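To keep things clear, I will list the structure first and then write my remarks on it.
Letters are used for the chains, namely A, B and C, taken in the order the chains are written, and counting of residues starts over at 1 for each.
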Amino acid sequence: MTWNTNLRWRLPLLCLVLEVAMVVLFGLFVRYPDADSSWSNEKRKGNITSDLENEFYYRYPSFQDVHVMVFLGFGFLMTFLQRYGYCALGFNFLLAALGVQWALLMQGWFQYTKDRLILLGIKNLIDADSCVASVCVAFGAVLGKVSPIQMLLMTFFQVALFSANEFLLLHVLEVKDAGGSITIHIFGAYFGLTVTWILYRHNLDHSRERQSSVYHSNLFAMIGTLFLWIYWPSFNSAMSNYGDAQHRAAINTYCSLAASVLTSVAMSSVLHKKGKLDMVHIQNATLAGGVGVGTAAEMMLMPYGALIVGFICGAVSTLGFVYLTPFLESRLRIQDTCGIHNLHGIPGLIGAIVGAVTAAYASPDGDRGFVYPFGFHNEKDEKVQGRFQAFGLLLTLAIAMVGGTIMGLILKLPFWGQAMDEDCFDDSIYWEMHEEKSSSPEDHTHKPSVPTEPVEQPTSSATLAP
Amino acid sequence: MTWNTNLRWRLPLLCLVLEVAMVVLFGLFVRYPDADSSWSNEKRKGNITSDLENEFYYRYPSFQDVHVMVFLGFGFLMTFLQRYGYCALGFNFLLAALGVQWALLMQGWFQYTKDRLILLGIKNLIDADSCVASVCVAFGAVLGKVSPIQMLLMTFFQVALFSANEFLLLHVLEVKDAGGSITIHIFGAYFGLTVTWILYRHNLDHSRERQSSVYHSNLFAMIGTLFLWIYWPSFNSAMSNYGDAQHRAAINTYCSLAASVLTSVAMSSVLHKKGKLDMVHIQNATLAGGVGVGTAAEMMLMPYGALIVGFICGAVSTLGFVYLTPFLESRLRIQDTCGIHNLHGIPGLIGAIVGAVTAAYASPDGDRGFVYPFGFHNEKDEKVQGRFQAFGLLLTLAIAMVGGTIMGLILKLPFWGQAMDEDCFDDSIYWEMHEEKSSSPEDHTHKPSVPTEPVEQPTSSATLAP
Amino acid sequence: MTWNTNLRWRLPLLCLVLEVAMVVLFGLFVRYPDADSSWSNEKRKGNITSDLENEFYYRYPSFQDVHVMVFLGFGFLMTFLQRYGYCALGFNFLLAALGVQWALLMQGWFQYTKDRLILLGIKNLIDADSCVASVCVAFGAVLGKVSPIQMLLMTFFQVALFSANEFLLLHVLEVKDAGGSITIHIFGAYFGLTVTWILYRHNLDHSRERQSSVYHSNLFAMIGTLFLWIYWPSFNSAMSNYGDAQHRAAINTYCSLAASVLTSVAMSSVLHKKGKLDMVHIQNATLAGGVGVGTAAEMMLMPYGALIVGFICGAVSTLGFVYLTPFLESRLRIQDTCGIHNLHGIPGLIGAIVGAVTAAYASPDGDRGFVYPFGFHNEKDEKVQGRFQAFGLLLTLAIAMVGGTIMGLILKLPFWGQAMDEDCFDDSIYWEMHEEKSSSPEDHTHKPSVPTEPVEQPTSSATLAP
């Protein structure tokens, strides 16, 4: 059986239907706030009101950093495959652009509705970007094996489920999760892993050669890694309360990330026969500290606490790439292209546990010693808060896996334009390759004919080789 | 006839003369504000003055985003050509560096002079960057066909004309144009298109092979695309009034850009025989939403209005790349290298019309219903404002085309170091290529000899091919 | 004799020992400030306190810009070598991650200790990043010739020495050095140059072919250049006092950088036989204006003064690349891989002199004319301040050279995993190259075998050539 990867009518139709739906729903439900606006900052003491106190000025820089992470960071991180950069960047761009619109609606309905209207502000934009980050995480598990149609469907479904789960955790259970270790990373990772488990492909060996990187693709991927690493303190602090909480979240994340670079390098070298470093680990495990410190970011974790979290996450994540990913693939039939289980799954679990412990051992007045004093004031007993954190984690795992199963079964249907096993990880399935004239002579090209340059084309040169 | 592309004396001389002129003019005209400074924010109510209310803190983050767009965004966007990345980045860097200095003076003389002195502040820097963005747009039309000398001349002339046009529109006609759909994009696009029309080259087919992209050049270009896309909300909101206007401009641009990604993908796929996507469209048309929402960015366009604008711009822009660009080249002899007509010209026109309509149907008290209530307060009748917007558009078109004609005729003179038709789109005309030792054996190189590596060189390998 | 470059036990052990030391020292010495916090801004007049006045909001955007420069800017700037991108990015990442942790402690002990505790805030993070920038500068001199172990040792030693020198200058001598021309650039450059002088390698000609760039590596390097150039105004203004000083520092740097682009291009062209431009100059000399304006950034240098500084620095720096670097290598046996003497050394000296002159000719009331009025108020006589500036420069040179000598002698010991002369500038010494299967058949790889693609590999293709 051959699947049809010609998306000429299916993809445009789906895009247009979704975008028209967004326009209609925005028209019905989304407004700016009134003049006596929620955009001005009411917390400000002394009743001094001015345009300078608009929330915009306190959230916008963080928002832009998060925006870079979602659209450029995740996109370039996934360009490490030698012949899948167009798809990595293009599909990530497409899913994120749909995702933010849909997230503004879904999160708006769950959290921000006033008189049946969603009043849009900078905070909603940050929330929407964070939600989409969770879809980008899941995309990493199925990268190379799905069509853009499947990604649009997955985005639509996952954003809705994310918003429901986030609402349950943050507003019903009152779980604290500043940097989204649970709501973003664990949810995204286990949703994506379940989907790729259902979509298991038997004959991926046929495209094995394209599943590794080449020299330049690794440099492109480092653009993604570095922007994610650099802006992660903004990611973990963007949604925190003004002032000390936000300040603390940035510092904790900065410390944790720095520590995970050193342990990633250490483990990468010690696990190689000749002590050589592996770009895969540098690109991914160095970021694990940011995931691991997510839940506790705004808490009184203390700088050394953050270092310890980063220390553990960097090491465990690298171990995961070396031992766990091959095991998951061969034994559990989970094909995790980018190793999201090592970057988001395990460090997310560590982060959730750190958050629960920090919350449980916290005390509002700080007299429980310097170990993990409480950073926020809450009426519940701190032990209860710890238990709620743990319960939120379990609930998220359950929702992600059940949702991922349903999603996987839907995406398994044969008419979404997915590629054959031997065509996976290849841009040319979904992209016009202007330079590869010879391989698609009858295509409709708008540029004049270009002589083939096989030397620039890893895959074509590989296929040309005897 | 052969043109002389050796710039050894002409380029350095021009650079030094221009820079010395800048030093002298800055010495005569440019100062910092006094201590009782325009840098502190006088709008602040309650007469509380503090260093924290310095304009710097409210404008600087937006400024840096715009700075990234101009110097890195436009530069990398134009690296899509397989063998013209040095020129794209280097010339864009050069023209922008001259442009901002000259724009500080020109815009200063037109708009910011006090006692014959220009008092420099963060707002001037943003204004200068925006002005240069218009030159970067025009550069896109002539990319690959002009010498750095021509670009310096064009920058000098275009910045001056831009400043005059901007002054006429914003201060004489009181046109609203927050994101510069008219003053930046339409002006830049039609100026550049007129120049390239005058500079028409008959035998560009000889360098056709270099006019397309290769795999890596498309990934480099995506760096430019993504940074432009991500920071566009800052671009459209950077110059708006403090508070709600700026907040609204960022949200409108965010929404519009997201919508244009989906319609760009849809049209790209439907216009290809096999439904494949084209990187050219993803790199460019996805940005059209930012252009289209420029004029109306700070108005009460409403989020769904912004989505509609982005929807239309993304689709129209992609259609332009497929049908209009080839038509312009074959029939009107307009060789538009980057397709700026599709990214800046048409979306700019849409943006100007949207702005005029929004302004015309606006009402200060908002009782014209929720369709397009007015976001700013103006003493003129709103219909009049709409007509002024339309008149500003026509005036800009006229000035851009007349100016572009004059500029084109000057640049047509044969002693500016331009390349022969068959040498266009080739970095090696203006750049020392250390690796291509064999092709320029007698060059003055400061690095030791390097073995030629033809496999890394698209063009050299192409020319080596039988 | 063959050195052992297998780092399997040495590198991991060193990383882990250092990171454990950081955890312990942070646990003993580093805390957040109390609730009546140094994080809130006490300068604020009117006794209005609010979370919105947290220092975070006034420093964080600058911090993120500096963060990008250190981790991404310097990293990518050094990817210009054709086959050393992994090391450039990876080692820069590693040294910076260790460096910031260690700098938080060292600078904390010297400058920020209260009751034997270091109270961490956003300002410390900026300070730590600036300190590490100095290590990144020194790394540029030894790039390609050192092992990651050597870089970790050098980072550890240099950060400590930097902190001592910085304390002496800024707090004992009360030298003004807003952008760090002296403390960061001169210190880093002459420290690094002394180290590379001690580590002189006789037979680097064996790896000459890898010491030049290829087409794509130059484009990657431009990512670094542009981000450094764009964010340099943040670098020079990040640590200044609130308000006008910060505003002025950003404007001065913006002007200076713009001027140095034009003179770099001019000199690059005039020094080439055929008037061609050289990417090395565009990548480096364009940044010299930012270094040169460092010390005087916050002073009343005036915009035209900044242009003059940039004018000179861009020209001198380009001249240095053409004439001085070859001279230093052949006569003084200083092998300066990235030419840091031209980008940081000489422009740093210019910057220090400009700062001393500006301070000496300054007058608090500005009646010394418009030449170089004083921007800050100081109780010392301005002539004295000028002399202190000059003395600070000499002291820094002495400390850097003595420290560099000691460091070089330590790094000369043969057991740090450094490569043989003929293996320098090659990633494959320290990195697993998945694609080069044939050259390392028995390596422990976790990915399935990949067919070799020699056409993508500059070095392998070079060695395959007859």
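Just so it is clear, a residue touches a chain if its C-beta (ideal position, glycine included) is under 8 Å from a C-beta of that chain, and two chains touch if they have at least 3 such contacts.
Which protein is which chain? UniProt says A, B, C = Ammonium transporter Rh type C.
Everything numeric here is computed off the predicted structure, so don't read it as measured data.
Asker: Same or different, please, for the chain A to chain C contact, judged on whether over half of the interface numbers appear on both copies.
Answerer: Shared-number fraction below one half, so different.
Asker: I'd like the angle of the rotation relating chain B and chain C after CA superposition, in degrees, nearest 5.
Answerer: An angle of 120 degrees brings one copy onto the other.
Asker: If you average the Cα atoms of chain A and of chain C to get two centres, how far apart are those centres in Å?
Answerer: 32
Asker: Give the residues of chain B that touch two or more other chains, as numbers and ranges in rising order.
Answerer: 48, 57, 61, 216, 223, 455
Asker: Which stretch or stretches of chain C touch chain A in the complex?
Answerer: Its residues touching chain A are 6-13, 15-16, 18-20, 22-24, 26-27, 30-32, 35, 37, 39-40, 48-52, 54-57, 60-61, 64, 67-68, 71-72, 75-76, 79, 83, 85-86, 89-90, 93-94, 97-98, 100-101, 104, 120-122, 125, 148, 216, 220, 223, 430-435, 440, 442-444, 446-451, 453, 455-457.
Asker: Tell me, which parts of chain A touch chain C in their complex?
Answerer: 41, 43-46, 48, 53, 57-58, 61-62, 65, 82, 205, 208-209, 211-216, 218-219, 222-223, 226-227, 229-231, 233-234, 241-244, 246-248, 250-251, 254-255, 257-259, 261-263, 265-267, 269-279, 282, 286, 300, 302-304, 307-308, 311, 321-322, 325-326, 454-455, 458, 461-462, 465
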